[in-house]
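Multiple structures are listed underneath, in structure tokens.
You will see chain A twice below: alongside chain B first, and alongside chain C after that.
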Partner chain A sequence: MMARLNYAGLAIAIAFLILAPLEFHRYGLYILSQWAVMTIAAIGLNLTLGYAGQVSLAQGAFVGVGAYCAAILTTHGWPLVGAAALALALCFVIGWLLGYPALRVQHHYLAFVTLAFSTLAFLVFRNESWLTGGTEGIDGVPRPNLLGLSTTPHLRYYYFCLFVLALVTVAMLGLVRSPWGRAFIALRENPLRALSLGVDTRRYILMAFAIGSALGGLAGVLYAPLVGLVEPPAFTLTLSLNLLMMVIVGGSGYFLGPFLGALVAVLLPEWLRGLENYYLIFYALLVMGLLIYSPTGLIGIADRFLTARRARAASAARAALGASIERP
Partner chain B sequence: MANFVALLIAGLATGALYALAAVGFTLLWQTSQTINFAQGEFVMLPAFFMLAAMHAGLPFWAAILVGLALSMAILGFAFKRLLVDPMLQHGVLPLAIATMALSTFLKESVKTFYSAEASPFPSIAPDSDIRLLGVAVSWQSIAVLGVGIATVVALQFLLNRTRTGRQMQAAAQNPTVARILGVPVERMILYTFLINGALVALTSLLISPIYLAKFSNGDTLGLAAFIAAIVGGFNQIRGAIVGGLLLGVVDNLSAAYVSTQYRGAIPLCLLIVIILFKPNGLLGRAEERTV
Partner chain C sequence: MAAVLEAFRVSKRFGGITAVDGVSFEVREGEILGIIGPNGCGKSTLFNCLLGQLQPSAGEVRLDGRVTTGMRPCDLNRLGVSRTFQLLQIFPKLSVRENLILAAQEHKGTMLSRLFGPRDAGLSAAADQMIAFFKLGPLADELAGGLSYGQQKLLDAAMAFMAGPRLVLLDEPAGGVNLTMLASLKDRLKAFHLERGATFVVIEHNMDFVMSLCTRVLVLAEGRVLAEGLPAEVRANPAVIEAYLGH
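And now, the complex of A and B:
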């Protein structure tokens, strides 16, 4: 019953994502595409943080690396798919190189090394104008042609983002359920015990971090043609912290967490725009209130609600059973 | 050479401000595992309390006292009761994210309800220079260093020489045993929040005349306090002080001698080198873990 309800909810959500935009304006499509892009980055961070238990403060910088990769290469005539392959590989390698020394000492130092990388990446984007266009950034990033179809119309590009998100989701689902995914969870729950059970903890942590970073890069590759302009201020520490917030607010370590978290971080501010100057104040208050009410995030609320209902149903069943036993 | 000395003194003065913010940051972490990402905004806000009190007609010294009291009440007591207490048992990260939201809230509130412009702030030191060892040093820097050193000495005295201070240390090191020995752990945690409230008010008083009181002042300062605390070992007050001073000096010297373009990144690279060679920070001790 419960499972059927979940599947029904999922089907409605997917139907909404596919059908609703047909009625949307340009801006609505843009925001929804942005949600899909940020969700991909948040899924990556959720793997690093939620499954492997490592705090990364550089996911925004990896999005930046991916975005600059796409912007530089596509304006030089590369296809977007080529840029995506390069960005994935580059972010994976950078993630591996960053994580290697950080995890050699004590693994919570990854947070500090990624913080440094985040600052350094921003300065490189801003200062190396021969490559990145400096403070002006790179303008006019073209949208790709796929199967002979141009994705310049917003609706088509949205479907393209949604398609990539679906691919990432399926791949992640496979990863989490594979022995690798089990190892990731084992080292989050109890690294020492995982180690004593023969899990090579350092290699798996590195792996989770590098894969998570690569997904950040992929999100960046989609971001560049979506916005059309790639400039340094978009990829500061603020974006990294924002992505971290998406994961925690959605529910870190839950598969659906990043989807909901990105919904809160991308759509909620837009809905609050009516409050004009006050919208960021209300937004911050809502986030604080939500975290005080449910520190495990939005999924935590749903979980609590379902557990309560299950417990009620179980006690009702017990009562009925008790009554039937008493009555001879 | 004179230039170098001047840069060094300016760096030490900046570093003293970082150190004060980092000490409060470290105290909160030690006693209650709170990573306060709003520490920069905590330093930004008391200046506005003081400005508001002066607008209400109070003299500067009374406004300082009002700012100090409000800061301890709101940024110390209310912060602990309303945000930290309900979330503490759920781990470090949700609370850290909530303090990030708090920092946005404080920043935007000041911007919306007070002013988006920078407001001039009266200084406790005369606005002139003095010649020391053939170098022009501003009274401003001397005041910052003096107040910073006095505060740190007073804090060390409180923590190491008084009964309350020792109880606070016990509560930080091992809350369970401290509780068994009759230390009122809850009250000790509250004290650290009040001390942090006082420290940020002092830092605000020292920094606002230099950078002017502005809603966005907390951005760089909060990050600097965070970095100084890490470099110093995260669980040592002395470490936070050394980390803060080091960060201020390296920041100033590298901007002058290495590269202004990469100014923000050099202290961080220094931090990485320190972490590689001293994984527990400059003065930090290894944290023991339980399985």
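And now, the complex of A and C:
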């Protein structure tokens, strides 16, 4: 019954994502495209943080690396797909290297190390003008032609973003449901025991960083042609914090968390635009309220109801079993 | 009988404190070796040195004659050495079955085959057998965090057995377990020992538990080996009585 409801909800959400934009204007399409792009980056961070338990304040920097890759290469005549392949590889390698500090430090300390990388990336974007255009950034990033079709119309570019999001979703679902997903969760829950059970924690930590960062880069590749302009202020620590919030508000370690979190982070500022300067205060209060009520985010609220139902059924079974198992 | 594990003059110093001081002993194929000793005598530190969790300051550890000092715990585990910890160490957000699958999934194939292979790494049947063996049947799909303490303790032991280890090191398995659960834990340990022929090393405070389970006992005091022998011999040894009871 519950499973059937879930599938129905999912079908409605997908139908909405495909059909609704047909009625949208330019701005609505832009917002929805941005949701798709940010969701991809948040899915990556959810792997690193939510599943594997490694704090990162550098996801925004990886979006930046991907965006600059796309901007630099496509303005020099590369196809976007080529830029995407390079950005994925580059961010995978940088993410892997950034994982090394995580082998020694955890939690807040790891946050600081990744924050340092975030700052470093920003300085490179701003100061290496020969490559990145400096403070002016790179303007006029073209949208790609795919299968002979130009994606310059906003609707087509939106569908392109949605298609990439669908690919990422399927791949990530396969990943977290494979034994790797189990190893990542074990790493988060109890690294000491995981290590003693043969889990090569070092390799899985590096993989969690590398894959998560690569998805950040992929989001950046889509971001560049969407906005058309790539400049340093877009990839400061603010973006990393925003992505972190998407993961946490949505529900860290839940597969659908990033989708909801990104929806809140992208839509809420638009809806609250009328509040002008008070918007941030209102937004902050809303997030605080949510996290007090449900520390596991929006998905956590749904999960809580489902678990309560399951627990009632299970406790009956347990009571019956408990009687037999405690007896020698 | 052949030695499975040998410790040769293993020492561990923390700053000026010598926790383990030149301990040598061997674990023989198929035995249940008990390691006992007063609090702070270096039992757990010795365990951690044997298992790669700590690097010994001096000395050597050999598994089947091969030097393993300096090896990481995960590599040692894949060679068939398994352990439990003093405090319960399970994965509360995974189901009982998933806990057990995790305990063996890294033992075969490669990273790539685990990524693209079946979701349960082909271990569901083995996990269910282990669940049945520990009489946790109806709990297979429950989250491990929802089990009672005693059930979690059984799961904890089951995880150490899941990959079919040849050597299992149990760190205070009886700690914090009530009497009825202790009896069923001991029963399962003995059954596993008989059926699979695994070799055990058990650190324990509970003398009755050690005397009734172990085939040989090693007594540590102040980081050194004080006595070694059959349970009855050790119990009668005046030096052991003194170390335990004081003057």
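Throughout what follows, the second predicted complex is superposed on the first by the 297 of 328 C-alpha atoms of A that agree within 3 Å, B and C clash if a C-alpha of one lies under 4 Å from a C-alpha of the other, contacts with A are read in each partner's own complex, and residues count from 1 in each chain.
Heads up, the rule we're going with is that a residue touches a chain if its C-beta (ideal position, glycine included) is under 8 Å from a C-beta of that chain, and two chains touch if they have at least 3 such contacts.
Predicted model, so just to flag it, every value in this text is computed and none were measured.
With both structures placed on the common chain, the touch criterion links A:Leu120 to chain B but leaves chain C unconnected. Once the two complexes are laid over each other on the shared chain, residue contacts for A:Tyr278 go to chain B alone; chain C is not touched. In the superposition on chain A, A:Glu189 makes contact with chain C only, not with chain B.
Contacts of A:Pro179 after superposition on the shared chain: chain C is touched, whereas chain B is not.
By the touch criterion defined above, A:Asp139 reaches neither chain B nor chain C.
By the touch criterion defined above, A:Val287 reaches chain B but does not reach chain C. Of the two partner chains placed around the shared chain by superposition, chain C is the only one that A:Arg203 touches, whereas chain B remains out of contact. Overlaid on A, the two complexes show chain B and chain C touching the same residues of chain A, namely 190, 192-193.
Looking at the complex, you find that chain B touches chain A at residues 37, 83, 86-87, 90-91, 93-95, 97-98, 100-102, 104-105, 108-109, 112, 223, 227, 230, 261-262, 264-265, 268-269, 271-272, 275-276, 279-280, 289, 291. Listing the residues of chain A that touch chain B in their complex gives 49, 55, 101-102, 104-106, 109, 112-113, 115-116, 119-120, 122-123, 127, 190, 192-193, 237, 241, 244-245, 248-249, 252, 277-278, 280-281, 283-285, 287-288, 291-292, 295-297.
By the touch criterion stated above, chain C contacts chain A in their complex at residues 51, 53, 72-74, 77-78, 82-83, 85, 89-94, 98, 101-107, 111, 114-117, 119-121, 135-139, 142, 146, 148, 150-151, 159, 163, 180-181, 183-184, 187.
Chain A makes touch with chain C in their complex at residues 175, 177-180, 182-183, 185-186, 189-190, 192-201, 203, 207, 311, 314, 317-318, 320-322, 325-328.
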